[in-house]
Structures are given as structure tokens and as C-alpha cells.
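The structure under discussion is supplied below as C-alpha cells; questions concerning it will follow.
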Amino acid sequence: PQGDTIKIGLNYELSGDVATYGEASVQGIELAAEEVNAAGGIDGKKIELVKYDTKSDAAEATTLATKLMTQDKVITVIGPATSGGMKATIPVAERQKVPVVSGSATADDVTVDGNGVKQFAFRTCFNDSFQGTAAANYAVKKFSAKKAVILRDSSSDYSKGLADAFRETFTAGGGEIVSEDAYAKGADNFNAVMTKFKGQQFDVIYLPGYYTEAGKAIKQARDLGVTQPILGGDGFDSPVLAEQAGAQLKDVYFTNHYSSADQDPKVQDFIKAFEAKYSAEPNAFNALGYDTLKFVADGVSRATEKTGEGVQRALAETKGFAGVTGTFDVDENHNPVKAVVFIGYDKDGKLFSEKG
Amino acid sequence: MKNPLVRQALTLWVPLVLTYVIVLLLVQAGVVDAYMQVTIATICINIVLAVSLNLITGFTGQFSLGHAGFMAIGAYATALVTMRFDSIVGFIGGLLLGGIIAALVGFLIGLPTLRLRGDYIAIATLGMAEIIRILLQNFEFTNGAAGLSPVPQYMDWTWFFVLTVGSVMLIRNFVRSRQGRDAIAVREDEIAAESIGVNTTRSKVLAFTIGAFFGGVAGGMYASYFYVIKPEQFGFLKSIDILVIVVLGGLGSLSGSVIAAFLLAIISTLLQPFPGVRMILYALLLIVIMIFRPQGLLGNRELSLRLLPGLRKRRRDDAGTEAA
Amino acid sequence: MLEIKDLEVGFGGITALKGISLSVAEGEIVTLIGANGAGKTTTLRTVSGLVRPRAGKILVDGQDVTRLSAQARVKRGLVQVPEGRRVFPQMSVLENLELGAYLRKDAKSVASDLDDVFARFPRLADRRKQHAGTLSGGEQQMLAIGRALMSRPQILLLDEPSMGLAPLLVQEIFSIVSEINAGGTTVLLVEQNANMALQIAHRGYVLETGKIVLAGTAAELTSTDEVKRAYLGG
Amino acid sequence: MEQLAQQLVNGLALGSIYALIALGYTMVYGIIQLINFAHGDVYMVGAYVGYFCMVHLNLGFVESLVIAMAVCTVLGVVIERVAYKPLRKSTRIAVLITAIGVSLLLEYTMMFFVGADTRTYGVLPPFMEQSFNVGGVLITMKQIIIIGVSVLLMVVLQYIVRRTKVGKAMRAVSQDADAARLMGISVDNTISFTFALGSALAGAAGVLVGVYYNAINPLMGVLPGLKAFIAAVFGGIGLIPGALLGGYFIGAAETLVSGYWSSLYTDAVVFGILILVLIFKPTGLLGSNVREKV
Amino acid sequence: MSILDVKQLTRSFGGLTAVSHVDLTLDQGELVGLIGPNGAGKTTVFNLLTGVYPPSSGTIVFSAHGQTTSIGGKAPYAICRAGIGRTFQNIRLFKELTVLENVMIAFQQNQRYPLPTSLLRLPGFGRAEDEIRDGARELLEVMHLGHKAEEYAVNLSYGEQRHLEIARALATRPTLLLLDEPAAGMNPTETANLTRLITQIRQDFGLTILLIEHDMSLVMQICERIYVLDHGIVIASGTPDEVRSDPKVIEAYLGEEVDHA
């Protein structure tokens, strides 16, 4: 694509079920794009974002990815936020030879499946089994957990992926899953299931879900007197979690890409810039969106040929990209190689973080 | 124009074949680009969905809020079969199987619930669709919330054309036949229909089953074209989307459903550049259209070359002279 | 008392009333007769405000009420007993009657009117707690009339009060209407049963496809050949 | 045993919320036979008004509740006048589609202004965070408030509909609008009043839920709206006691299925029961089961 | 030979017994009236005969074409196919359909062709449809509605709608026709025309007719026998003259002076 701007497509869930994730990702992306443009753009060309709403519908994601690539002629498409939406755009990307990049499509088989690596698909987040495994190991190491219960989000493949990996690792290490249950997205009431858990013997709760429900679940669990440690994934990373759970946010831990307490100037600058623009603390989707745009911009600037294929080659060769959510290389499966961070609120509700 | 066969050829077959050939050529010449192809695919799927729901709700008068359930069954059946037997035979088999299972479920659900009246059927069908979705979300073989992907893509313009036109024609033939008139009688007055010998339960179940079959076929078309299916795509809001097309086109008007499917695609395209407010605009449009055109675009009339403006009487059904 | 001037009413493409004029003087019973679909019901519904006219005027005591809502006309004493009785089926007889007095604030006189209605229709008194929907046709007709009386009408508009009633009740209903009229209420009566209607009415109009084709005293109309042939079965 | 009692308390609180929303559904349905899909969204707006009052204006719980009810009352009336009234003479399904339009409009207008993300009511006054241990069963102050306020509002409602003049007018309009006009009843005002009442209840439910779960978002009305509608149908739509019964039944059923089986199937079981009930009692539990008189 | 034999027919709604131990027989070709005060249970008898409600107790036996059917508990459509047609007190037409379609739907119940023929327009479809259409048209002519064939039912005048209901009932090819207040809402002149029409179709179609009516001029003129119902009980039966002078009937139903008999 020629012209005086570099067009990047945003194909996100801005309405419907998972609008929260799409909207948050776009906030991060738009902030990053502003920064890149303020710094002179890429080779003197400004980034121009072309943004569409998938309505949280996979077919619409396909339609819009096609539109972005064929009619708007963008050089790369960012989004959708969910794995299902992302998967729906990958065949289009392969056909049109334009890369698609997601900051939050975490399912294991997004970038690689039985048929090999999806050449034009990238992501900047680690995958589900990575987090689930890390959480299981943490549970064993930190709490000497032998028995765990799992409460997952039945409508989310992310949650299922984390739960599956956790279960596998935990039981392989001799642990036992004594009970497992699931809620549907948007659930408000966890009293029933927590009352049920309360009547059982276990050491930790694994709650791989998003903060929207997790905050309520944590609060209701603690209100009912369920005192075991609660573990989660990067879906917990939002100020809303603390707001919802309030004073009951105790003994809660989750795997994440970075810690907002990290004194690395990159992280602190990002948090400051985000708060300045949106007057709210960033969450994981914000940070990942931010990194994804920077990651794409980096690829575009390194690409010798400013085409989809050129960008694809550059992205695949990314080494040592330093983002807010960690410094990483892109591996042969187009996954970022990142370190995991554990964020915790201890028994008194004090925040801490440790490297995994 | 006197000979009905000639007239039918001129007004029906010639335009259809021309449409097919022209679009085919345009696709090959690259004038119809990939995006327009996706849009056409969406329109075709929506036409089949809307026309089949119209049979149930518009013609037979059974208010169904569960059409997405049938669509889901068709989509999953097609996906599972073609993922295992990745061939054209597998695809056709999957599509048929999807339709048949959907029809079977429609039949089994319809038998007891169609005794209900009005809004109670709406809620029962809604419940059925939700149960189907929840089961798909929790079964192992459907891969839970993650859904199935990639489904081999067999749908192309030819298939879309054949399946869409075929579905519309079959449903049109149905509503313009003895069985169809029985169904319409049920809609108009169930007690009167029974009193003149119409087996109303049979009529309702038949319409419901046929509608479910084509709902399933539409699901199969969807799965095979969009290669990713997840349970959440077939939720309550999808059923509502289909209902919106049907009502917008006019309950009891097949051509209305077809036109509305196009119209909604156009509206959707026009709104795409405004992601922040598109849903607000869409909602406003919906309200305004309903206030100014509550009976839908065509009411219960059919669009035809003979429907001249100002002509109040509906065009007579020429079914009797149409024997093939 | 009631005056209708050049009233025109249409529904979509149909013109139901093509400019009719008629008047009812205080204390009169005036009957409107005509074949099915002539526009009798439409006339009454327009007078009571349920239907908006395309053109024309409706005057009550010389005042124009054409633009008033139905409920405002009830306040002016213009009360209709609708075709097909239209009682509130899920409410008791008593509640139906109380609704008749919906706009009245004077609890005392309402209570005494209620007693009057029950005195006039003892059968309703027996069934005061029964749901109106389960009453027989004749009882419902009595209830509908009683309900209208509860609003102290100046002008009572009656639409086919004898429709579907047993012969015994038909006679009863007509004598009730005469009585009510004798008590000072002006009545505009629509009837298919033209024989009976003309027996109790002072004057009458004949409506044919939305137009008044004949008018006169009851006696004149009864002896007109056309009327005999078309409406009296003679 | 203790666990069962605990689950029943949980179910009662949940059921109260469904019942409050279901009442609005049922009243509107009763009077104009409309499944008012926007009702769940009025509840959402109520939750946001409460949020605004409590978090940004620092008002107390009761004041916020009253303000939210007032705002929702106005909103309900405006919706009815602008979107539904022009369709009085149209088919019911056309009004239904309009209602869906209004529902989307409320959701996305709200999202446009406040974003899609969850908001929280923040720190509540300490008295609301209390909880009581009654023989091993934990009852929170919030549960008591929810159940108490719901029951109170329902009693008030039942009084209005059964005993007052305007309540009688509501029933008259619902049974025969034209005949009601002939009694001097203003049908439009009565319908507006019904919407006002139903919306006020939805607004109250919104604030109660905001306090109870401490989380609100622009799409929060969709699911409870649907559940409340089911509750209303379950009990017999158009009937006030039916809405109550349905609300409590669904609350209890959900809680028990989650508590003793699996949350995975909660909704499926609820829908399954619903379908069964309808098959054997086609007009809901309290609905009268007669065939149309011909 | 009796074609309808009703024994001890009873139906209650909640506490109310609308029809109580009714015995009733109809002979082939008779024209019989069913009269009685409002709420006596006349329409309910029709609803029981046509399966709209199942009886609480009692038997209904219907014999036509050499076949004897027990009606109790059968679905309305099956009863119709056995040969009982009816009209409704509150007109129930298919309002949004044309006059012709109204009759065609009734007519086609005896002119059945299979689903594949409909869906695929197999040979035979056109002929079958033509037969249905022509048959329906003929009946419209009989009922003086031929010129309104393409009109929507809802646009017909009240009297025409009543005629159409009869045409539609005739199209089911009944042996027994039940008419529920066919003259309600008609003026005396219109009633007289209808009276002629009823006797004519009875003759032309070889019908047995049971008729509910409050218009005594019609009933007394054409009915050969009359049953009088009150509070669900048959209080009298016999020829018009017998019934007219029965003091019980006068007291419960007719009133003292029957002016236009």
C-alpha cells in the first residue's frame, strides 16, 4: 500500500458479548499509535488506524478482516481480542497475505495447529497452557497444595484452556482436583457454587476467568467464609478486580505479563500516559493492546518491503522486542517467548509481585 | 405473455440464470472482490434463515424465538462431518445431515410445545435454543466453548446460489400448496381451521419441521463458509437478528424476507465506518422503521412484476397453472 | 341536545360515513336503522370519540366536542353502550359498575346510584361478586347498560342492545330503555330489530351505505313502504 | 442441612431480584401484551443512576434508590410515549421489534458514554457490609435489604393494582381498552402509569443489584431481563403473584442446581423445567387453563 | 334412521354445569332447532359435538355413509372429516385471506395430495389445485358470493361474512351442518333471505341441519322439530307448535307475547 500514511486495521469486538475486551484493547492501541505518530511516525509516515466493530461475532470478524485487507488495503490487521474471532480471520490473512496480530488470543492453537504454523498469524500474549501450567506449579510450590477446586467460565475458551493446563500439571504432580464447576459469562451470583465448595476439603481454588466475574466470585467466596487461596490468570489484571472485591481481596494470586509495580520506566511511563489519556488505571488488555501496536509498528519499520508480506517476514524475525508486558522474541510457532510474573494480594490484601 | 410457462420462464428462470452467470463472471474478473463475496455469502445465509423462519412465524403464525438453535445444529453437524470426511461428498452429507437432525429436533420439540399459544411458544422455543447452545458448550465432541475450526470451506458462489434459490423455491412451493394453505389457516384462526378439518397440530409441526430443516441447512452453509463456529454465535441474539429480518421484510412475505436480508446487509456496510455509534444508529433505525412501517416492507404481500402501485388486491396465486 | 353535522369517516380506503347530519332533542329516543355495514356503529363510535372523523362536527348542547377525547366526552354526559356489550370480563359485576362511575368524585351519590342500578336490575345484585365474563349474554347486556347509567349520562348511545338476546330479554331490554328515557335521559338507539326500535322511538333515521336516506317520526317510518320492505321484513 | 438452608437463603435473595424485574414485565405485558425487551435495560440504567448518585454525588443508599426509581420512571414513560405509543394499532410483533430496538439503544448509548467496562459501587457504608450467622447459615445485610425492599415494593404494588382507582383503570384497560375509554378512563395515561410503575421497580432492582454484586455494566440487563421474562411466563404472564412465584422459583432452582449439581447446566435445567411446566400447564403455574370460548 | 345420537351429554366448567344430561337425536335430512335463553348451553352443545371441548360425561354417536363414529374425545378436525360441519356464533373467518381461499382451505381437506407433490410441483399438482379451486368457486356461487371471490374476507359486510361461513362449512362436505345463530345481527328482510337459502342448501346437499337461533320467525318457520334448553337441561322438545305453547318455554324463554312469529 502506497500513500503518505501507514494504514493498520483494527478489527475488534466493540459491541456485543465481549465488547469489554475489544474496547480495552483498542484503548491501548490508540494510545500507542498516538505515541508513535508523535515521535514522527514510521519512516516519516504517520500510522492511520482503520477501526471496525465485529459485534463479537466470528463471521463478522471474517467479513471485516476481508474488508480491511481488500478494500482499505491495510498493511496489517490487529485483533480481534478473542481466540475464536482471531481464528476466523486467519484464513483470510493467509489468502490475502496480510498479517493479523492479536494481543489477547491465547488459545494454544491460534498460531499453530495440526496443519503447521499459520504464517500470517501473530500474537503478543503467551498461550493458555503456559499460564495454566505456571499457576499449577505455583500452587504446589507456594501453598504445598494437594487438593484444588476449579471454577471456570464455561463460555470462554480461554478459561477452558487455562483450566485444562492447570488440571493436567496439577494432577501430574500428584495433586487432586476435588471439584470442578463453571459459570457462564456475565454471571453475577456465585453464592451457590461457593456454598458448595465450602462444604469440601481443598487447598486452593483455581479461577481462570476474567476480572468481571472473578471480582464478584472472590467477594462472595470471602463473604461466605471460604478462606482458601484463590489463583487466576491474566484475566484478573484490572483495577476493577480490586474495586469489586474491595476489602475481601485477600489471598488472591494470578499469573500476568507484567506488574504495574515494576519500576521499569517503560512500564511506569505507560501507566502514566494511560492514566493521562483515559483517567483510569490500565488493565491487561490495555497493556497488551499497547504492546501489540508497538510490535506491529516495529515490524513495519523493519520491513524492507512495505507490504503485508514484507511485514510478515519482519514480524516473524522479531528479536528482543521490549514491551510493557515483557521483552520477547517471536518463536518458530509465532508465539512470543515471555517470562511470567505472579501478582499477589497476600492475606492482608497487600500487593506484591514475583518473577516466575 | 399469455402462456404461463413462457411467462414463468421470463419472470423467473431467465433473471435467475442471468444473475448467477453475471455474478460468476464478475467474481472471476475480480470486479466482485473478496469483501463483496463475503457480503453476498452473508446475505444468502440470512435469506435462507429468514425465509425458513418466516414459514414458521409469518405463515403458520407460531412465534419462534429459537431459530438460532436449528442453525447451530446444522452448523455443528456440517462441521463435524466435513472435518472428518473432508470431501465434497462429506460436505453434502453434512449439510443434509444437519438439516435432517435440525428437522428431527424441530419435530420432537414441536410436537409438545406447539400446543402452546402465542408468547408461550416463543418462550418454549427460546428455551429449546438455549438448551441446545448450552449442550454444545459443554459437550466434549463439540469442543466446548472453543468451538470447531477450521471447518473445510466448500461453499462458493455456485453453492450459495443453488442452496439459496433452492430453499426459497421449495418454501415458496410449500406455502402455495394445500399444506401451505392449511398452515396459513392455522395462523388466521386455529379453532376455525380445526373445525373445517385442518389437522392443526400436524400443520404446525410440519411447518416447524420444514422451517427447522432449512434453518439447519443455513447453519451448514454458515459453518462451511466461515470455518469457525462457536456455541455463543448461536445465542438468543442470533434468533432475534433473524426475526428482525423477517419482520422487517413482512411476516408472510418471502420476497420481503429476501429484500430485508439485502437491506440489512447494506445498512450494516454503511454503518461499518462508525464503529463507536453503529449499534446506536442501528437501534434508532430499527425503531424508526417499525414506527413508520410496522407491517414490514411488503406486509404479507409478495413482490412481483404484476404488483403495480395502487393495485390493492393481492396478486392471485397462479399455482394451479404452474405444473412443471 | 346532540347534533351531528356533515360527518365523514373513513378507514384506510373505505369511506364508512359520507357526510351525515342528524340531531337528537332533549328527552327524545331517536333510532338509527340500516343494513349491516351501513355505518351505524361507526356513527356511534365517532360521536363517543373512539373514532376520529375526517370532516364534520359533533355538538353537545351547542358546544363543539369534535376535538375532545373520549373520556372528556364522558364528562360531558355522552355515554356509549358499545356493540357486543364489552364488559370487563375478569372483573366482578360490582367493579364493572364502579368503573362506570370512574370520573365521579361524589362517593355518596355514586353509592345511591349503585343502589338504583341494583334495584332496576335485581339479577345483577344477585351476582355482584361474579366475574362479568361468566354472565349470560342478557346479563352482560344489563350490566353494560347499568355501567353506563353509573356515569349519569345526559345522552345514552346504545348500539344493538338486543343483539343475540333471547326474545324474553329483548322485550325486557326495550322496556328498560323506555324507562330510562322516561327518567329524563336522551337516547340514540341503533338497532337491527327495527320493529321494536320504532315502537319505542320518537323519531328515526335510515342509514344506507354511509348516507342518511330517510328521516321522520317513528310512525312515519313504520308506514313507509321502502322501510317495510328493506328493514321490517314486510 | 445447613448447606441447604444456606442455598435457600441465596436463592431467595436472587429470586427477589428476578421477581422485581419480572413484575415490570408482567404489568406491561398485562396491559398491552408486549414483551418489553427494553425492561432489562431500564434496570441497567437504574443501576447506573444509583452508581452515579452513590459514587459521584456521595448520596446515601436510600436517596440513591429513590432517585434511580424516579429517573427510571421518567425513562419508562418516555420510552412508551416515543417508541410504543405510535404502534398502538400495529401487530404485537412489530412492537416487539421496536422494543428490541429500544433495548439496543439503551445499551449502546450507555456504553458510548460510560464504556463497556464494569463499574463498581465502591465502598459501601459499614452497616451494609454486616452479616449474621443464624445457626451456621450466613445471612448478609445486603441480602436482608434486597429481600426486604423487594417484598415491600411488591406489597405496595399489589395494593395499588387491587385497591386504588388507577389500579382498577389499569385492569380495565388491559381487558378492553375501548370500553375503558367509554368509562372516561384515559387509556394513554393509564398505560404510561403502568410503564412508570414497572420501570420504577426495575430501577430499584438495578440499585439493589449494584449494591449486592458491586458490579454493573451496560449489558447487565440482558440476562436478568431474559430470566425475569421467563419467571413471568413461568408464573403466568400478566399476573402479579405469578411474577413473584416465578421469580422465587427460578432463583431457587438456579441456586439448587448450581449448589447440588453443576453450574454448567443451571440455565439448561431452568429452561427444561420451564418447558415442562408449560407443556403440562400451558398458561403458566397460576394462569387459568381454559380454552378460548367460542 | 338417526344420524346423530346424543345420550346424557354433560359438560361443566369449574363449578358450572353448562350442559347437563342432554339427550338428543337427529334423523337423516331433518332440520331441527335448538333454542333457549342466553347462557342455556346451546353453543356449548355445538362445541361438544364438534370436539372443541371434550364432554365431561355422556356419549355422542354419529353415523354417516354407513359408518358409525363415537365423537366424544375426538379432535375437531377428525370430527369434521367424519361429516359434521359448523359455523360460529362469533364469526371466525380467515380474515386476511380471500373469500375463495377461505373456501378452498375447507375444500382441500377432501382433495389431498402428498407433500412431495407440493414441494417439487410434481405432475398432478396443477390438476389437483384446479379441482380445489373450481369446487370452491361452485360453492361460492351457491351462496351468492361468486362476485366476491377475490375480496378479502375482512372486507365483506357482516351478512356476507355469515354466508361465507356457511359456504366454508359446506365445503367440508358435511352430512350434518350445525349453524350457530346464522341470522344474528340481520334485519328482518335479510333474515328472510337467509331462511330461504338454508332450506335450499338442505335440499341441494342432502343435509341434516341443527340450528341455534334467537329469531323466532326463522325458527318457527323452517324447523321441523325444536329442542329447548335451559340451564343446560332440555326442558322441552317437539314441533314448533308444541314448543310455542309450552308454558315452561314461555316462562323461560319466549315471554308472554311473541309478536312476530
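A, B, C, D and E label the chains in the order they appear, each numbered from 1.
Rule of thumb we're sticking to: a residue touches a chain if its C-beta (ideal position, glycine included) is under 8 Å from a C-beta of that chain, and two chains touch if they have at least 3 such contacts.
Small disclaimer: the values here were computed from a predicted structure and weren't measured.
Student: Which chains sit in contact with both members of the pair subunit D and subunit E?
Tutor: Correct list: B, C.
Student: From subunit C, what is the lowest number of touch steps before subunit E is reached?
Tutor: Steps on the shortest route: 1.
Student: Quick check for the class: compute each chain's Cα centroid; which one is farthest from the centroid of subunit D?
Tutor: E
Student: Let me spell it out: compute each chain's centre from its C-alpha atoms, then which one is farthest from subunit B's centre?
Tutor: C
Student: Which whole number of Å gives the spacing of the CA centres of subunit A and subunit E?
Tutor: So the centre of subunit A lies 72 Å away from the centre of subunit E.
Student: On a C-alpha centroid basis, what's the spacing between subunit B and subunit C, in Å?
Tutor: 50
Student: Report, in whole Å, the distance between the mean C-alpha point of subunit A and the mean C-alpha point of subunit D.
Tutor: It comes to 35 Å between the two C-alpha centres.
Student: Of all residues in subunit D, which are in touch with two or more distinct other chains?
Tutor: Only 108, 111, 264, 267, 294 qualify.
Student: Can you list the residues of subunit C that touch 2 or more other chains?
Tutor: Within subunit C, no residue touches at least two other chains.
Student: Where in subunit E do residues touch at least two different other chains?
Tutor: 52, 88-89, 92
Student: Taking the complex as given, what residues does subunit D use to touch subunit C?
Tutor: Interface residues on the subunit D side: 165, 168-169, 171-172, 175-176, 178-186.
Student: Under the touch definition given earlier, write down the residues of subunit E that touch subunit C in their complex.
Tutor: Residues 16, 36-40, 89, 155, 157-159, 181, 184-192, 214, 216-217, 252-255, 257-260.
Student: Help me check something: in the complex, which residues belonging to subunit A touch subunit B?
Tutor: Within the complex, subunit A contacts subunit B at residues 12, 14-17, 51-53, 55-59, 62-64, 66-67, 69-71, 83-84, 87-88, 91-92, 95-96, 107, 153-157, 159-161.
Student: Which residues of subunit E touch subunit B in the complex?
Tutor: Its residues touching subunit B are 50-52, 75-78, 80-81, 85-86, 88, 92-98, 101, 104-106, 108-113, 115, 117-130, 132-133, 150, 168-169, 171-172.
Student: Using the touch rule from the top, collect the residues of subunit D that touch subunit A in their complex.
Tutor: 3, 6-7, 10-11, 13-14, 108, 111, 115-120, 122-123, 131, 138, 140, 209, 212-215, 217, 219-220, 222-224, 254-256, 258-260, 262-264, 266-267
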